[in-house]
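Okay, so chain A shows up in both of these, paired with chain B first and chain C after.
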Partner chain A sequence: MTFTSFKFLIFFPLIVLFFNLVPKKYRLYYLLAASYTIYGLLQPAYLLLLIASSIITYSFGVWIDKTEDDEKKHKIMIGGILLILLPLFMFKYYNFINESIISLLGYIGISVSLPAIRWLLPLGISYYTFMSIGYLVDLYNEEVEVEKNPCSVALFLSFFPIVFSGPIERAGHMFPQISRMDRSKPSDLVAGAKMMLWGYFMKLCVADRLSLYVNAVYSNVEINNGSSLGLAALLFPIQEYGDLAGYSLIAIGAARCLGFHIIPNFRRPFFAKSISSFWRRWHMSLIQWLTDYIYTPMAYALRSKKSWGVVGALMVTFLVSGIWHGATMTCVVWGLMQGVLLSIESLTLNKRTAFETKYSLEKKWWYNLICIVCVYLIFAFSEIYGMSSSFQNSNAIVNKILFDHGPLFLHPTSLILGFFATSILFFKDIREEYFPKAFSNTNNYVKITLYICLFLYILLFGVLDGGQFIYLQF
Partner chain B sequence: MDKKVIIEKLTPIFREVFSDPNLVLTDELTANDVDNWGSLTHMTMMAEVEQTFGIAFKLKELKKLNTVGELIEAIQTKA
Partner chain C sequence: MKRKVVLIIFSIVVLILLDCLIGLLFSYLYHKAQYGQIARQNHCIIESTDDIIIVGSSEVMRNYDPAVIQDSLKLTCYTNGSEGQCIYYSYAIIRAIIERNHFPKFLICDIGNYDVLESDDSQNNIDAAISRLLPNYYDSKAIRSVINDYDHTQRIKCLSSAYRYNSKIIQIVKCLLYNTSDYNGFEPNNKKLDLQSEKEELLTTTEVEFRKIDCIKQTIELAKEHGVVIIFVHSPKYYVSDNKGVNMIDDICREEGVIFWDFDSLDCFNNPSLFADRHHLNKDGAAVLSRELYGRISQLNQ
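Up next is the complex of A and B:
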């Protein structure tokens, strides 16, 4: 039951309706039952894994809280994290490590065979694993209070709008909301519905429409020329943005209809003027998580090395980010690319700031535009490796883009509708980025009419055949 | 250690690390008030502070420091 399925559109309003009818003291159990039912309908066997992770998280949380000695607390936290990471390792990374060892030994002439695991990846495992780890670390750092109700911990990890693909929430932000759980306010219902509608537009009209062109080109690299591959490479970040940010908005909007305020995940990333600024706007909940639980402890441990300590921490952080996105060597290289780019920015930050201040470049529109275009092109290039499963494929794409030009492969319907929907999306983003007060006094009737138009546009021009979300594969 | 002495020693560190020669330290000053005070420069600043005052912070302690005033208090406790 994904967000774009017909079942979800039927059941979701009913879930919201009953949430508001159920007495307050039973709402926690009601939402937990709803979340487990939705998860169980998709992957019944792995529901047990989710429950087991919740029990471990709850038990280790209570254990950390009851322990006085700081060193012992630290050991319990590490033990809990290792236990929580075990299923993620087994399901997602076991085969990757096996295959890496086999090919490494193969290079030096040793032939070995290691048993492989061919199980389906449990949905949302990367997300709820990170949320569990965040809770235990925050508890150890005394940044959150222990949660004594096991059902609250279970709901935190299984809350159906966010369990499958995030945003990656924090215990300190979610537990107070779980313990409050009042009836949905009319303003929450309206705001939630608006976010969901906009999310569906981004997913069905921008991402899925552009994907018809991008997939057609990328899945036939050998017969397409560099011009078509170049256009696909330029469109892919927009497709990804529509897919990932659209999914996040639907999730945040669905949670809002139940009165929950979920942390944002995207903030107009294509207006970033530097790679570091881009990563503060793109998949923000993951990057903030990585910053808090990987980058900061690493940078702290390496602080005596000053700038080089920061570089080391950045490289490790984005290596983890790459591996999180996929258990392939191309994802590892993608992560390292981001790490190198951010390290260069970090090492040159002071000189760049001084140069920009000296010539007042930050106030010049052409300088900002150049920065924005450069960041986009760099990201689009890195995604040729990020989205591919092999270097051979990525290198062939890059090679053709550079040296094999010719007439463009055109798919007029996808391109025209895709560009039109993208221009609506960018119009909204430009307004929010540069003219936040524009149209703020627009008449309510006009606003309602526009939302009805958006709804009709989705029905008429959206790709409504249940396309999969990119985030679900993580 | 006297608060005034701590501020005198902290000011050049902050100005150097955050590339702001006119930065004035106040108790209420936070990372949000200084342009170049991000996660990248924060650790460099803390390493300089530890070296200058001959002290060491645990990550847990460091995370609780939100303002310059809290940093000064922490230095007073340790130095």
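Up next is the complex of A and C:
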């Protein structure tokens, strides 16, 4: 029962309705039951894994809290993290590491065979694993209070709007809301519904529409020329933005209807003027998590190395980000690529700032536009590696884009409707980025009519029998 | 409170009103389309009175020339080929024709492996058929019944007029403005396959979809019930296949006592100059196949 399924649209209002009818003291159990039911309907066997992760997180949390000795506390935290990481390692990375060891040994002439695991990846495992780790580290650092109710911990990790695709929430932000759980306010219902509607537009009208073109081209690299592959490469970041930001927005909106305020995940990333700014706007919950739990401690530990310490921390952080995105060498390279780009930016920051100040470039619109376009192109290029199954495939795409041009493969429905929906999306993003006060009509009747038009637009032009959500695979 | 109730009522009224307006506009444009796939589908579902009707996927649109068949047999012939469709679509069209009390002399259903095997993409499956048939949901009780039988949720979804025309705008505009110069549904292709082309081996990789087999049986039952002669045909292809699905249809036809003609096995179609691509014949190929079809039908007609 994904957010774009018809079943979800039927059951979600009922979930919200009963949430508000159930007495306050039972709401926690009601939401936990709803979350487990939805997860169980998709992957019944892996529900046990989610429950086991919750029990481990809760138990280690209580243990850390009860332990006085700092060194012992540290060991318990490490033990808990390793235990929580174990399923992620087994399901997501075991085969990757296996194959890497076999190929490495193969290079030096040693032939070994290690058994492979052919299990389906549990849904949301990367998300709830990171949330569990965050909770234990925050407890160790005494940034949050221990949660004494195991059901609250279980709901924190399995809360149905965010368990499959994030945003990656924090214990300190979620537990107070879980313990409060008042009835949904009308303003929350309206705000949540608006977010969900816009999320559906981004997902169904932008992402799924563009994906029809991008997938058609990318899945036939050998028969498509560089022009078509180039267009697909340029469209892919928009598709990915619509997909992840749209789905996140549906999740945030659904949670809002239940009175939860979830952290935002995207903030108009394609208006970033630098790679570092881009990563402060793209998949913010993941990047913030990586910053807090990997980058900051590493940069602190390497502070004696000065700027090279920052470079080291950046490289490791984005290497983890790459591995989080997928257990393939292309994802590792994608992560390292981001790390290198951010390191270059970090090392040249002072000189760039001095240059920009000298010529007052930051105030010049054409300079900002060039920066925005460059960031977009760099990200689009890196995604050729990030989302590809193999280097051969990525290299073939790059090679064709550079040297093999010809007539474009045209798919009028997806290109025309995709272009139109993207224009609407960018119009809204431009307005919010540069003219936040423009077109802000306060008349409720006008607003309602516009939202109804958006709803009908989705019905008319959305891809309603559409594909899967890209980030469900994480 | 009163203000909130007014806002809710306003929302519902505007939603229904706009949805109806969109539905009216799209319905008008859809039914006004004179060319291409939409025109063919509307013709078959709403008004066709032809003696011979050929249904199926894109092969039907390219491979059968109704002019050749009509001139020789003195029977009217119409072809309704719809790209990326399989037996679900053919069944719905045949049912719509029969249930509005038109009983053609011959119903010809062009089939391929995809009419039995599972689809590994967005084509040749029930979703593709439903999406193609939705605009005609209220034109035919048979179409409505087929759609609802396969997906119960469509009853609710189709309450919205806008939903029924989802993603159809470009196709509607194309079928309104772009004259495909087809004759009774036949859109010839003038391309020629490279004469040096060898027949490649294309093995079927997907499993049998038992719902498709049921659908084939339902199609046969429907035709028999109304005394319509139904003939299953397999168009020529320029590749070698294990024909897993086609052989199964052949077996079903044998069991049910229905005619099955496998034109793919004819030697005359080993000639690449008769093909536009590996799946479709060109104009010359269509003429050869239509003559072959006419010959066999005229024998039956006697």
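Definition applied: the second predicted complex is superposed on the first by the 471 of 474 C-alpha atoms of A that agree within 3 Å, B and C clash if a C-alpha of one lies under 4 Å from a C-alpha of the other, contacts with A are read in each partner's own complex, and residues count from 1 in each chain.
Just so it is clear, a contact is a pair of C-beta atoms (placed from the backbone, for glycine too) under 8 Å apart; a residue touches a chain by one contact, two chains touch by 3 or more.
As the structure is a prediction and not an experimental result, all values here were calculated from the model.
Participant: Which partner does A:G462 reach: the first (chain B), the second (chain C), both, or neither?
Facilitator: In the superposed model, A:G462 contacts chain C only, not chain B.
Participant: Which partner does A:L417 contact after superposing on A: first (chain B), second (chain C), both, neither?
Facilitator: Second partner only, chain C.
Participant: Should A:S111 be classified as contacting the first partner (chain B), the second (chain C), both, or neither?
Facilitator: Touch partners of A:S111: none, neither chain B nor chain C.
Participant: Would you sort A:S187 into first (chain B), second (chain C), both or neither based on which partner it touches?
Facilitator: After superposition on chain A, A:S187 lies in contact with neither partner.
Participant: Name the contact category of A:C453: first (chain B only), second (chain C only), both, or neither.
Facilitator: A:C453 sits against chain C, while chain B stays out of touch.
Participant: In the superposed arrangement, which partner chain does A:T291 touch: chain B (first), chain C (second), both, or neither?
Facilitator: first
Participant: Contacts for A:K306 in the overlay, against chain B (first) and chain C (second): which applies, first, second, both or neither?
Facilitator: It touches chain B, and chain C stays clear.
Participant: For A:S346 in the superposed arrangement: first (chain B), second (chain C), both or neither?
Facilitator: It touches chain B, and chain C stays clear.
Participant: Spell out the part of chain C that touches chain A in their complex, as residue ranges.
Facilitator: Contact set of chain C toward chain A: 4, 7, 10-11, 14-15, 18-19, 22, 122, 127, 131, 153, 157, 160, 162-163, 165-167, 169-171, 174.
Participant: State the interface residues of chain A toward chain B in the complex, per the touch definition above.
Facilitator: So the residues of chain A touching chain B come out as 140-143, 276, 291, 295-297, 299-300, 302-304, 306-307, 309-310, 313, 346, 349-350, 353-354.
Participant: Across the complex, what residues on chain B touch chain A?
Facilitator: For this pair, the touching residues of chain B are 19, 35-36, 38-41, 43-44, 46-47, 50, 59-60, 62-64.
Participant: Once bound in the complex, which stretches of chain A touch chain C?
Facilitator: Those in contact with chain C are residues 6, 186, 412-413, 416-417, 444-445, 448-449, 452-453, 455-456, 459-465.
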